[in-house]
Every structure is written in structure tokens, then in C-alpha cells.
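Shared chain: subunit A. Partners: subunit B in the first complex, subunit C in the second.
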Partner chain A sequence: MKLIDEFRDPALAQQLVESIRGVATRRWTIMEVCGGQTHGLLRHGIDEELRDVVELLHGPGCPVCVTPTTVIDHAIELALRPGVLLTTFGDMLRVPGKHRSLMQAQAEGANIQMVYSPLDAVKLAQELPSTQVVFFAVGFETTAPATAIAVSQAEALDLPNFSVLTAHVRVEPAMEAIAQAEDCRVNGFLAAGHVCTITGYEQYHKLAQRYRMPIVVTGFEPIDLLVGIYRCLQLLEQGSFDVVNAYTRSVRPAGNLAAQEILQQVFVVADQPWRGLGEVPLGGLILASKFRGFDAVDRFALERTTVAVEDECQSGAVMSGRIRPTQCPHFGSRCTPQSPLGAPMVSTEGACSAYYRYSNLVPLNTSPAS
Partner chain B sequence: MCLAIPGQIVRWLRRDPPFCEAEIDFLGVRRVCNLSCVPEAQVAEYVIVHAGVAISVMDSAVAHLLLSELRSHEHEVNGAGLGELHE
Partner chain C sequence: MNPGPTWHCPTNTGVGSDRVSLLHGEGGRGSRDFLRQQIAARFPQINATFADAVHLPNVPGRLAFTTDSFVVSPLFFPGGDIGKLAIIGTANDLAVSGAKPRWLSLSLIIEEGFSIKVLEQVLDSIATTAEWVGVQVVTGDTKVVPVGCADGLFINTSGIGECIPGFVSNANTLVPGDALLVSGPIAQHGLAVLATRERFQMHSPLVSDCGSLWPAVQTLIDAQIPCKALRDATRGGIAAVLHEWATDCGHSLCVEQNQFPMTAEVRGLSELLGIDPLFVANEGTMLVAVPEVYVEPALTALRSVPISQNAARVGRVEPKSIVPVSVRRTLSRPVPLDEPMGALLPRIC
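Showing the complex of A and B:
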């Protein structure tokens, strides 16, 4: 399709690699915030290609990875209750909870259905009036509008058998938590293009100034990623702590106002425990009081999750850029996609899964397979 | 999770939020998607769709401008041009 292939053009990619080499006078450390970007960088071998001029650290942008174990255990508990159908994105199914994943629970009889959209869960609730349909909602600001629309639809339809188990998270507070850490090595951020499509990027100026780090809003295709890196290095070389939009075909400075309005109607910002990173102040979205009737935690009298239980997985260190996935002692031995210890090994946006999948790198100057 | 793909609007089906819906063509595969976040979108425009919901109308003109800037190496001459098309 037009405007996909162009942003994967190998010749243009090679030209940008040369521009990047031309602009860098030293090796800089940049963090790409979104796990989708991590996968793009590794799939196309961009991190290897540019290894001598830029160290790419992988950020916290994997909502599946930061969902606390206790919330996954809640989802399993609900799916095992008679009369309940738990629906969620395919990405969640293999993520380990305390003792098992949703997929393992399914083999033991838990009633779980994968959906492509929360709106499909609303349709299921309409079709199955005697079943309590719960949507297990995870995701950043990119995904939260879809959940908000689903809840609004359920309210408009007066659906008594639809509810949501929410673990929605916000990106900016996580970026701030990383930037303010004493041992932070990040010189600049590539901000998450689809999150910024919703939120805009005007709010990043404060962050960039406070922590003296340029922030470049970046997309996901190889050309987008290379332009993001180029712009970030250019700002770093100029000593500028500016915020720049390198994903202009989707992101507007103030974001998507209609989506923000829908979010504000349905959700309020709250502190949230993140798996691996601990409590993140203002790090999540919970249902506003008007919509609490659709909260599965209340409806099924579950205990609200207030702490993220630590496990053997080193995801916190990986997601804050302190270690690379391959530096985790469990990588590839006790932890593999077939038998994961932590979420980053199974999520399609997890950094560990990216390292595991793309260890045989495709050179940048060949046409990508996908 | 934040994966989002572009598709072209074939026709609007419903205009009442939160049920706004249109038929979207993704490389020949047609799906009904929710357009509550892009109520201004018009038939034949491209939207970027995530989890069944269009999250933005793709600005094709701006995309082509960026590509031609890149191809002409304009970003190296006046570096500031890139990425500031919307500012």
C-alpha cells in the first residue's frame, strides 16, 4: 500500500543511515519508549547497523509487560467462575500470572475468548444475555479510547452483563520515572507515536526541559525510526532540549481532541502499580465514578490491586534500560517464549521476545519480510 | 499492543457516537471500524486503526512532503525542516 512501502524503502533507509553517521560526533544513548518501536528496530537490524553511533535502550512501552501479576490472577479467577466469559487481547494470553497464564487456565476449563477489539466484547455481551462478559483491558493511551468507547456503548445500551477489568497505563509518568532516576543513562527519548496520536506532545516540553533531554515523537516503520534517531541526534549535537514531531502523518501537537474527550468522560487518572517498576504516580487510568458500575473489581467483589508483586523476572531493569534482555541471567535458559518467566518474553512488544526472535538479524539494505 | 494500521474509508455506516462506524478497506480486506475518535473523517481518506477504533486521519500530503524532503537530502541542508511540518 502507498505510504507503507515508501516508509520501508531500503535505499532511503541506507541514505538515512549515512545522514545519521554524518551528524553524530560521539556515541549517544537514546531510549525508544514503545515496545512496537523496539521490535521494529531489531527486526530491521537498525540497532546493529548504528551500534557505533547510538546505543538504543528499550523503554517501558509494553503495557502487557507492566500489568501486575495480581490483575492477571484476577482475570484467571473470573474466567473460572461459572457464568463468566473473560475476553481480552491475544497478547495477554501467555503472560504468566503468579502460578499460571490465562492460556494454561483455559486448558483447565476457564472460559476465555480472544478479541480483536473491546467493541467485540460488547457485541458478545449483547449476543449472550445470560453470560457475564468481562473485558480484560490493558494498554496505553492508544488503546484506552477503545475501552472507553466500549464502556460508553454498554452504558447507552444499558447492558447489565458487560464489565471491564482495567489495567490501563499512561506513558508520560513512566518516562519521567526513568528520566529522574539517579543512574539514568538516557540522553534523549524517541516518544511513542501512537500514544502521541491520542495525547499530542505539547506536555513533553516540560519533561524535556526539566531533565535536559530532547524528545522526538517517532513512528514505527524503518524510515520513521531512522528519521526519529536522526532528529534526536541532531538535537543532541546542537545541545537542544526541544520536542520534535517526526511522525507528522499521524500526530498533531495537541493530539486527538475527540479521543481525549471520550477518555475524560470515562476515565480518571490515578496512581498505579506497574509490574517491574513499582508504584508509578499518576501512572494509570481507572473508571470515573459515573461508570463504576462497569468495573469488574466492584461487580465481582475482587480486591483492588495496590502493589505490583516482584518476581524473578528482571523486567524492571530491562524496561528502564539498566540491563539488556541478554544480560538477564534467565534469558534463553530458564526463560524462553515456550516457557516464559516474565511478560517481556511473550508479549509482541516485549524487549526480551524481540531479542529472542531477531537474534538472526536481517541487514537493513534488504527488503523487510513484513 | 500499540500496533495500528492504515486503511481507507469506503463508506460511513453510522454517525451517532459512541457507535460511529464505517467500512474500512485494508489492502482489499474490508472491516467495520469505530470512527468515534475521528468524526470529521471523509470517504476515501486513510485512517490509522488500532483495536477496531480509528485513532487518526492520516495526513497523506504531509507524508509525501516528508518523503520528498528526505529524497532530496533537504534535511541535511536545512536540518530543521524535518519533523516541523505540523508545528
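Showing the complex of A and C:
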């Protein structure tokens, strides 16, 4: 299949592995920012294959993982209210809030519908005029434009029964928070290819220079990931703090201008609490004043989330690269996909889920707790 | 005056209307007319007097007996419908157990208000499929439940098959070195149903593989292949079967992802949604384990019948390791394949 097979070519992959070994004179530590990349690396065994030349740390790029528990609890609370239909992406359903997940709430009667696009939620609001349809909007700059289009559509249609519960986050401030930490071990970043498709990567030059680490915009297929690692090691070996685009089939330097425009119309940048990482300055997107009427927090008089409540889950340490998922004392014992302590164990982009699924450390069809 | 609980007369939408009513399932004249018109007319083997049980003829050997319930949404999808599925699902469970499907029961649980026309379409599909598979529907039951107590139509079928002497499917017998084959392209059913339910607009529609596996089993028997285990990879897909077999035999199983036959539509949609085709349900595709020396004759036999014409070798049984099931993808390194857990949820981005 075009655009898939050539990026999974085993012979090319093997060549790249050799090239990576050839270029590295020492073991470097690289952080792949996006959870989709983490899963790609582990799913294809790339991390294990390159263990001797590169340590891969898994970054904060799992939108589901960084959504504060209080926001999930708000979503559950709304879904249980009479006359409200809560819509969201499938990935969000299994993520635990303080006491339960949306899926568990659904079993207790909460009115929840999985959608594939925020525009489906707008359509539902049109079809169900007597129901308050709330779209629970999570995601980085990749998904935020679709939410923005949904909100502007709802405004154009003058839909009184549509609103959004937003937890949209921005990836660059999170990278900066990791890079500036005193105990930061990261030598270079593999930037999230899909986010850069929207935002471009020109803004990364400042970050790369300030923190003296190369940044390589990287895709998600095995060949993309291997090329990203290769280019990053090349830059590190050269002592260069440059920004390189290794995902040219999707990413332009300035990004997707139309998507950026709709984002700027509908959202404003704001400080945001991230689950696990705490308050990230300028780390989120909230509705601009013109669209505040569509904010579910205001419409349903919910308490605005200002701090991310800490829980037992050590997702913050995992997502900032301080510990690997397997170094968490709860990994595979108290915390499993069936009974997660936090989001990284259940999200399809969560680092702990990737380790649980693809590493040899947990015998998968026996109960790890036993 | 208290008007009392809301109540409506079941005869309001009585027999003769275009909707199923409670009257159709409550015994008496309404039920009897319904059964005669809708069921007996299509399934001549059901005793015309509707006796409480059917007497079956003697068969020489052992019998296999199985049951399954069908609750698919939507009821119709490219390549099948709930009626076809209800026959195929149970017949395939018998087939992969080495039993020729012979007799089936048919139980319908219908939601009040369900369209008679749609019900007739489903019943026609059941009759056609049963004839095509070569099974007789010999007994059945119909219940109608109030609105909201079911999602349109649920079907249960139980099936009896005639065991083929000497043919035993038992994953306990797998040993390292045995080969794993798949009978055809994977993941078509689950994705076809998903694409229909979610109304994905695709240029080329996904079609369910819903089909009878008995011809594929029969051809293996005829070719005298000493199959060690057979299993149709329904819910949980190939991954679920591999995990069950690994547990049963106590060894590890390893498959090569790129050896699995897959249509372009399945690859495209699963990539788009971030769903692994190894986890998606099939309804006419099975895994077969054979000793290594029988790989070629088994593939030749399977490829001689339409349902398994794209059969392929996909993996092997290996000595026990900490990982019960692993998969080789781009790099030659095997990576653990986890056990399916609940519904497949598409990723955010």
C-alpha cells in the first residue's frame, strides 16, 4: 500500500539501523515527544534494537494522559445530567478520573457517545434540538483546529444546545518545561510530526538554541522514526543545535496556515494545568471571548480547573523522562490496563501502555499481580 | 383521579400491521399466525404442528453441539446481515471443531415495533444461508419484548454437527515447530460493520468475510491433513485465538505481521483509525495449526476452495518464553502481541 509499505521496508530499516550504529560514538539520550511515536518505536522493536546506542525517553505528547482528572470528572458529571449528551473521542473513554472512567460512568447510565470528529457532535446537536450536546475536546494542536471549526460552525448555525468542554494543550511549552528542568537528561528531541504539520517548526529554532539541543521533526512509521533518530544523532555528533525536518511529506516550515488561522480565531493561548506535569505556562488553549458562550464550564456552572490534582500515578515523572514506565513501582502490579492508576496505562498513546503491550517485562496473558 | 401507570393495548399494532407487536410473542392465535406465516413458510423442517421438541434422525458417530447469540449493530452490512451471521457463526463453530453442521435452532428476541418487512428480509437471509451452508433449521422460538428492552433484533442459534471420525481440533497438542496458517484475508468483518455503523464514506466499500468455513475444513479432511487445531477468529480476532492457543499448549506462538493476507481497504481503514487488524473480528476466517511437513499440502488444499483461496502461512509454535505471543513487524525482532481487551477504540490523532 502506497505511503505505508515504503515506510515499513525491512531492508531499508536494517540499513538505517546500521547507519545509526555507524554515526554514534557514544550513547545519546533522545526524547520522542509524541505518544504515537512511542508506540511506533516499541511496536516495531526499535527501542530494543538500538538500546546500546540511544536511550529513548518518552515525552509528554499524549493528550489523553495530560488531561486533568478534574476535567474528566466534569465530563462524567455532565454526562450524568438529564438532558445532556456528552460526546468525545474513543481514546478518552477508558481514562480514569478521580473515581471512575467515562466508560464506567456509561455503565451507570451516563449519556455518552463516541464520535470520530467534533463536527459529528455539531450534527448531533442539530438532530437533537432538545438535548444539550457537549463535545469533550482534548488533544494538541493536531485536533484543536477541528474543535475550532466545530465551534465556529455552531456559532454560524446559532446552535443553543452545543458546547465544548476543552482541555486542548500546546506541545511547545511542554517541551520547554522539560528542557529547562535542572535534572533534564534529554540531549535532543524528536518533535511530533503531526503537531508540526499544523504549527510548522520555525518556532523551534529559538528553543533548540536556548537549550542547546537539536530538534528533528519526525513521523510515525518505522522508517520515519529511524530516519529521525539518525538525523538527531548526526546533529548531536556534530555538536549542532539545529532544527531539521525529517517528515517532509507532511510538514512545511510554516505549517498549515489555514488551521492556524481558525485556531487564532476561536482560541486564545493560556496557562493550563497538565495532569502529571502541573501548571504549564501558556500550555493550553481556551475559547476566545467571542466564543465563550460555547464553553461548557460556563454554561453548566462548573468549577474551572486551575490546578491538576496529584494522584498516585507517576505520569509526570514518566512524561518528563525522569523515569521509564517500568521504573514506576506500580507498573504491572497495581497499575495495569484493566485497572489503571492513571491515563498513560490505558491511552493508545500512553507510554506505560506501550511498555505493557510491547515489552517483554510483563507476561501478557497471566495476571501480573499474581 | 390517579390515571395509574401508562399502559397501552398490545393489539393496537396487532397481527397484520407492518410492525411486530407484543401480541406476536405471547402465545395464542397471534403467535401461531405469526409463526406459520413467517417461520414455517421459510423453514419446512420445523415441525408443522410446532411440537415442543424435534426428533432428529440417528447418525453413526459422535455429535458436536454449540450455541451462540448475535447482537450486531447495524443489522445489515456489506457482505451480510444478522440473519446470515446467525447461521454462519454457529455453523463455523461446528466446522472448526471438525463437525459437519447439520441442525440448527433459531431463537428470535424482537423489540416491539420492529419492522415486519425488515424481519422478513432477515428471515429470508437465514433461510438462504442455511440452504447454502447445508444445515436445517429444525426448531426455534420467538419472543417479543417491550420497546427499549432490546436493540431491534437479537438472535440465538444452537447447532448440532456430525463429528468426522479421527478429526480432533485440540490446541493442547501443539508443539514447537508446528506451523500456523490463516485461511484468508483478516479483519474484514469487524471493519465492515464499524464502517457501516459509523457511516464512513469510502470509495471502495469494506465487505465482511461472513461465510461458511465448512468447505475449507472439508478440503483439509479430504486431503488427510493431520490438523492439530482449528479456530475461527471471531471476536478479538487473530490475537485472541493466538493467546488462547498459547495458554492451552503452554508454548509461545510467533507470527509475521506482513504474512497475513489483507485487503487494501482493511489496511487503509485500520491505519487511519490506529486499529491493529490482528485484533479485529472475522466471520469466515480461521487459524489452522499443522505439523511443519504438512504446510504445503494444507495450503494447496485450502487454496482449492473459494472461502480459503488466499490461505497463507503466518507463523509457528516456538519453545515457551516469557512472552506467550509475539509478532515480527518491520525489524526481525519479535515484539509481544498483547491479548485483546474490550472494544477497540480509535485513537485521537
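Going forward, the second predicted complex is superposed on the first by the 359 of 370 C-alpha atoms of A that agree within 3 Å, B and C clash if a C-alpha of one lies under 4 Å from a C-alpha of the other, contacts with A are read in each partner's own complex, and residues count from 1 in each chain.
Everything below uses one rule, namely that contacts are C-beta pairs under 8 Å (C-beta built on N, C-alpha and C of every residue); 3 or more make two chains touch, one makes a residue touch a chain.
What you are looking at is a predicted structure, and each value in this text was computed from that prediction instead of being measured.
Engineer: So in the superposed three-chain picture, is A:113 touching just subunit B, just subunit C, both, or none of them (first/second/both/neither)?
Structural biologist: A:113: touches no partner chain.
Engineer: On the A-aligned overlay, A:338 touches which partner chain: subunit B = first, subunit C = second, or both, or neither?
Structural biologist: Once the two structures are laid over each other on A, A:338 reaches subunit C alone.
Engineer: In the superposed arrangement, does A:104 touch subunit B (first), subunit C (second), both or neither?
Structural biologist: It touches nothing on subunit B or subunit C.
Engineer: Give one of first, second, both or neither to describe whether A:4 is in contact with subunit B, with subunit C, with both, or with none.
Structural biologist: Once the two structures are laid over each other on A, A:4 reaches both partners.
Engineer: Taking the superposition as given, does A:262 touch the first partner, subunit B, the second, subunit C, both, or neither?
Structural biologist: A:262: touches subunit B, not subunit C.
Engineer: In the superposed arrangement, does subunit B or subunit C reach more residues of subunit A?
Structural biologist: Of subunit B and subunit C, B contacts more residues of subunit A.
Engineer: Considering only touches as defined above, state whether A:240 meets subunit B (first), subunit C (second), both or neither.
Structural biologist: neither
Engineer: In the superposed arrangement, does A:249 touch subunit B (first), subunit C (second), both or neither?
Structural biologist: A:249 sits against subunit B, while subunit C stays out of touch.
Engineer: Going by the contact rule set out at the top, does A:349 touch subunit B (first), subunit C (second), both, or neither?
Structural biologist: both
Engineer: In the superposed arrangement, does A:139 touch subunit B (first), subunit C (second), both or neither?
Structural biologist: both
Engineer: Following superposition on chain A, which residues of subunit A contact subunit B and also contact subunit C?
Structural biologist: Overlap of subunit B and subunit C footprints on subunit A: residues 1, 4, 36, 63-64, 89, 91, 116, 138-140, 142-143, 194, 223, 348-349.
Engineer: Quick check: in the complex, which residue numbers of subunit C touch subunit A?
Structural biologist: These residues of subunit C touch subunit A: 198, 243, 246-247, 258, 264, 267-268, 271, 274, 322-325, 329-339, 341-342, 345-349.
Engineer: Please name which positions on subunit B make contact with subunit A in the complex.
Structural biologist: Interface residues on subunit B, with respect to subunit A: 1-4, 6, 17-19, 27, 34, 36-39, 46, 48, 50-53, 55-56, 58-60, 62-63, 66-67, 70-71, 73, 75-76, 79, 82-87.
Engineer: Which residues, counting only subunit A, touch subunit B once they are in their complex?
Structural biologist: 1, 3-4, 6-7, 12, 15-16, 19, 22-23, 34-36, 61-64, 89, 91, 116-120, 138-140, 142-143, 145-146, 149, 152-153, 156, 192, 194-195, 197-198, 216, 220, 223, 227, 230-231, 234, 244-246, 248-253, 256, 258-259, 262, 347-349
Engineer: Flag every residue of subunit A that touches subunit C in the complex, lowest number first.
Structural biologist: 1, 4, 8-10, 13-14, 17, 36, 42-46, 48-49, 63-64, 89-94, 114, 116, 138-140, 142-143, 194, 222-223, 337-338, 348-349, 356-360, 363-365
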